[in-house]
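Several structures are given next for inspection.
After this come two complexes, each holding chain A, first together with chain B and then together with chain C.
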Partner chain A sequence: MTLRRKWEEKFFRVLTALVALLVVFVLAHILFTIVSKGASSLSWEILSQEPKGGFYMGGGGGILNAIAGSFYLAIGASILAFVVSLPVALFINIYLIRYHRLLIGVRFFLDVLWGIPSIVYGAFAFTIMIFFGLRNSLGAGIVTVGALIAPIMIRAMDEVLKTIPIGLQEASYSLGSTKTETAYKIFFKQALPGFATAVLLAFGRGIGDAASVLFTAGYTDHVPRNLSDPTATLPLSIFFQLGSPIEEVQNRAYAAAIVLTFIVLCISITARVLYRKK
Partner chain B sequence: MTKRILIDNISSKWMLVCLSFFLLLPLAIGTGLVLKSSDLFTSHHSLSTLIFSADWSPSEDKFGFWPFILSSLWVTVIALIISMPLCLLAAIYLSQFAPKWLLEFMRPVIDILAGIPSVVYGVWGVLVIVPLVGDVIAPFFNNESLGYSILAGALVLAVMSIPYILNMLLEVFRQVPVELGEASLSLGATKWETIKHVFIRKGATGILSAYGLGFSKALGETIAVMMVIGNVVQEPASVFDAGYPLPALIANNYGEMMSIPSYDSALMFGSLLLFVIILAINIVFRYLIYKSEEK
Partner chain C sequence: MSSVTAIPEISKDAAHFQVVPGEVPVLNIRNLNVRSKNAQILKNINLVVPKNKITVLLGPSGCGKTTLLKCMNRLTDLYSELKLDGSIEIDGEDILSGKFDITQIRQKMGLVMQRPFPLPMSIYDNIAYGLKIKGIRKKSIISEKVEKHLREVALWDEVKDRLKTSAQRLSIGQQQRLCLARGLAVEPEIILADEPTSALDPISSRVIEEEFLKLKDDYTIILVTHILRQAKRLADFVVFMYYGEIVEYGPASEIFENPKTDILKEYLRVGH
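After this line comes the complex of A and B, so read on.
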């Protein structure tokens, strides 16, 4: 009996360790595959040029349209999301702090909102665009992605604001501040490093999302000049190029995948580092 | 003084407006999709034929969603069957057996991997999983397959859902009180017995919720699955057949949906199905999480 228990213990100790190792291995394998496959096609030309004629048949040019488009889109969406997320996160933690049930209800609701898949956001935004007769554009993409990443941003900000002791709020009121002043002058300052992390996380999600921009931002070979131009994005650029039967075009898709992975990794590592420093 | 109060008034109203916007967003999405897809019901389509009919030919005004629903379920369920035990075992190792530094190292790694865009997982799927299924796994089971199949989609989806589910499971195990484990150990149970009888039992609700949310996340995943699953309209008979899940259907056809009558309504009905199912799953399991945290 004791022998069986001992072996069971040993067996599961090894099994769980192996599984953990397998998980790490698979995830490392993904990064390795992407890098080793795309590194040879990665060049300055690809990063710095718009697609030239016959690009999708193996012609010259690069993916600058997608890189620039993705940045425009994700930066615009992050700013938009920040502008609406900040008041919500502050409201939850200042006005609702005394209403425990309501507070839980709102957080619950935001968590549920987080679970809605991006393709649904995209489809919904598309129906609205058709209703108003709008075309695919950078602006429409920004609004859609902004709505998609705002719940993430709000919850991340909320987690930071939650940690601020209620005494600080009371001290601020006792000195005669209004709730708005407490919110923007005390809470905002106190939570600033955490907010940077929240914005970066949302930015990373926004730049990598493909399903929501497919309908709304469209695709083009040019860097967008204003909000009503359609815009290319990196995920879609990868997707379209990979669908080509020509090997050269596929290789460029792998190179684009490296670029996207690199951007996202940089952002999430920066976000962690900022969070650590706090 | 009045100016400060005025500012306070305006700002608090603005905060409320922003919050209401998010509270109303799901309602707006639901209403919008219902209105848009209601055209289908007025023109002799009933809900049951839409869902259970396998007859999909938009140009003849026939919209049977069953092949897509079936594909979605196949892919998601198989993906979860693969990733559930892996996540649980890995979470047990990291939170119970592994040294503390390893867990501290793995947390950010898991977070970062959760942030990798799905199109990158898709590229990996095309490069690695599709040949693996086509050249190794299918011949092993005496099957012919191009590789672009339900199984390939499920494998990619399983890998994608690992960081997401693993993160939640680590949180579940973190919340089990240490004293409970110590009590069990002091009664002579081995570490594994403690995990089996105390940690897993105590965290059962949390584990179930993590799986449920993982399921809903996987169900809505679009681009990575679309890249490896083949996108053929059929009722898949085996895991080596190509499939065509709902999100892929929506994503693939938005371009041409305006040219065929009621096609756009049908696609919006597809989005509505997805939205309602995922919303329901999320509400149930988030509720379970909140209930278990309250105790």
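After this line comes the complex of A and C, so read on.
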């Protein structure tokens, strides 16, 4: 090897290592910041109680409203998105597969939907709510977040279905299966581990999103009891507490951030493990 | 072309592809052409497949053997770029006419592919699947048939203690036999086999070949292969294809001992 090629090799190896280190450093720094600021405020009380009077001024209580609200919202939205995404993803891969151009168009359209900022979903849903005279509610939040995460879920499912070999499809049809049977009995089973990953990915995106629920789900100090109650969410809980001038309240925001990060991390890891098992 | 009873219209080139006297025709292909966007894959195919015999489609890679096989149960529907014309008659019904329920036509044919693709379910359910979509619900009948067809492909003794485990855990040779059994369970008339031993080791290949020799008592078998020795071991009739056309068709002994065309002579010479 010439000297130049040797240096080139060395330079890019060092560059790769540096970039990788930078990414790890940023993640570690985020975790360190929220843990160092929030750990002292993290207690059983904060996890298990609704905010009491003057909570945002340093009063007692916890963020149970936001934890429960976020779970309700994300689980509801994931179920809703799943109900829509499963047939769409199967339809794309069973029926549209013959129409190559249309297929590319539909995938592009879904990717565009994926890329739309969540505040746009929130604003869009809000205008609809105003039109129908609806209040902020858990139900409205679920629909909005469901719409936000459906394209993600569809494309994630689509990517899983794309990996199914054409031979399996041929095997299914040659046994006399209809398209519907092929979709729901063969493709669904084959793709199931990948679908679990897709749902968890979308769930993780849904639970962490603040902008789409800002106008739609509202905010409250209570755990919602039905779909028409407004609901608090962890991202908004963090937002409101961080806005407080009182340091104790700010630290509680970091405690909430620990909770949210922990949830998202657990979901990501579960999703990865499920995907590997496939 | 309109009358079913009329003698098939075939080009004069195709005259010697007619059924051999004394054989019962089961599948009748007339003037079949298959085109893709920029090529003609099959050219004017005329072929009569005799019942309870092994008909081997022989020829070099890319000559259209697999496409011809896939036309027979219309798996070509999956590929939008393929355009078919002509007719393929099974039991007097033209399956290309679009009048018939394609799922029922496909159940008349069991497909064995180059590589086995077990369904993502247990060994038992792989066989039961076809029965269930045929509308058979009674558990005792299903269990009975699962055993019968697993025995038919000599797999029963190997798997009888783990019928509920995933079929994807079987060895590839076992999977191929399972796929054959799965196809047989829907009680087809014809077995379509597309190079069924190409992914298998010699011993598993031999097992499959022996199965075919036994199965021809009950089924008509159409086997695609490019392995000359396999064709010689199994074939009753041979269809030699080259560049999308049938070059020669006849009883195996005639094709192998008395080839007429130069291209077949060359193929037989190189293949040895």
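The rule is simple: the second predicted complex is superposed on the first by the 259 of 278 C-alpha atoms of A that agree within 3 Å, B and C clash if a C-alpha of one lies under 4 Å from a C-alpha of the other, contacts with A are read in each partner's own complex, and residues count from 1 in each chain.
Criterion: a contact is a pair of C-beta atoms (placed from the backbone, for glycine too) under 8 Å apart; a residue touches a chain by one contact, two chains touch by 3 or more.
Quantities reported herein were computed from a predicted structural model and do not represent experimental measurements.
Annotation: superposed three-chain arrangement on chain A; chain B versus chain C shows no clash, the two fitting side by side.
In the overlay built on the shared chain, the residue A:165 is in contact with chain C alone; chain B does not reach it. By the document's definition of touching, both partners, chain B and chain C, reach A:181.
Judged by the touch definition given at the top, the superposed model places A:189 against chain C, while chain B stays out of reach. Once the two structures are overlaid, the count of chain A residues touched is higher for B than for its counterpart among chain B and chain C. In the superposed three-chain arrangement, the CA centre of chain A forms the vertex of an angle with the CA centres of chain B and chain C, and that angle is 100 degrees when rounded to a multiple of 10.
Within the superposed three-chain model, A:100 lies in touch with chain C and out of touch with chain B [touch as defined at top]. In the superposed model, A:173 makes contact with chain C only, not with chain B.
Residue contacts after overlaying the shared chain place A:217 against neither chain B nor chain C.
Looking at the shared chain after the overlay, A:64 reaches neither chain B nor chain C. For the pair chain B and chain C, the minimum alpha-carbon spacing after aligning on chain A is 8 Å. Contacts of chain A with chain B, set against its contacts with chain C after fitting on chain A, overlap at residues 178, 181. Across the complex, chain A is touched by residues 4-5, 7-8, 11-12, 14-16, 18-19, 21-23, 25-26, 28-29, 32-33, 36, 85-87, 89-90, 92-94, 96-98, 106, 108-109, 111-113, 115-124, 126-128, 159, 162-163, 166, 190-193, 195, 213, 216-217, 219-223, 227, 247, 250-251, 254, 258, 264, 267-268, 271, 274-275, 278-279, 281-283, 286-287, 290 of chain B. Within the complex, the chain C residues that touch chain A are 70, 73, 75, 78-80, 103-104, 106-107, 109-111, 113-115, 117, 119-121, 129-130, 133-134, 179, 182-183, 186, 192.
Interface residues of chain A facing chain C in the complex, by the touch rule stated above, are 97-100, 165-178, 181, 185-186, 189-190, 192.
Within the complex formed with chain B, the residues of chain A that make contact are 5-6, 8-9, 12-13, 15-17, 19-20, 22-24, 26-27, 29-30, 33-34, 37, 84-85, 87-88, 90-92, 95, 104, 106, 108-113, 115-124, 126-128, 130, 147, 150-151, 154, 178-181, 183-184, 201, 204-205, 207-211, 214-215, 235, 238-239, 242, 253-254, 257, 260-261, 264-265, 267-269, 272.
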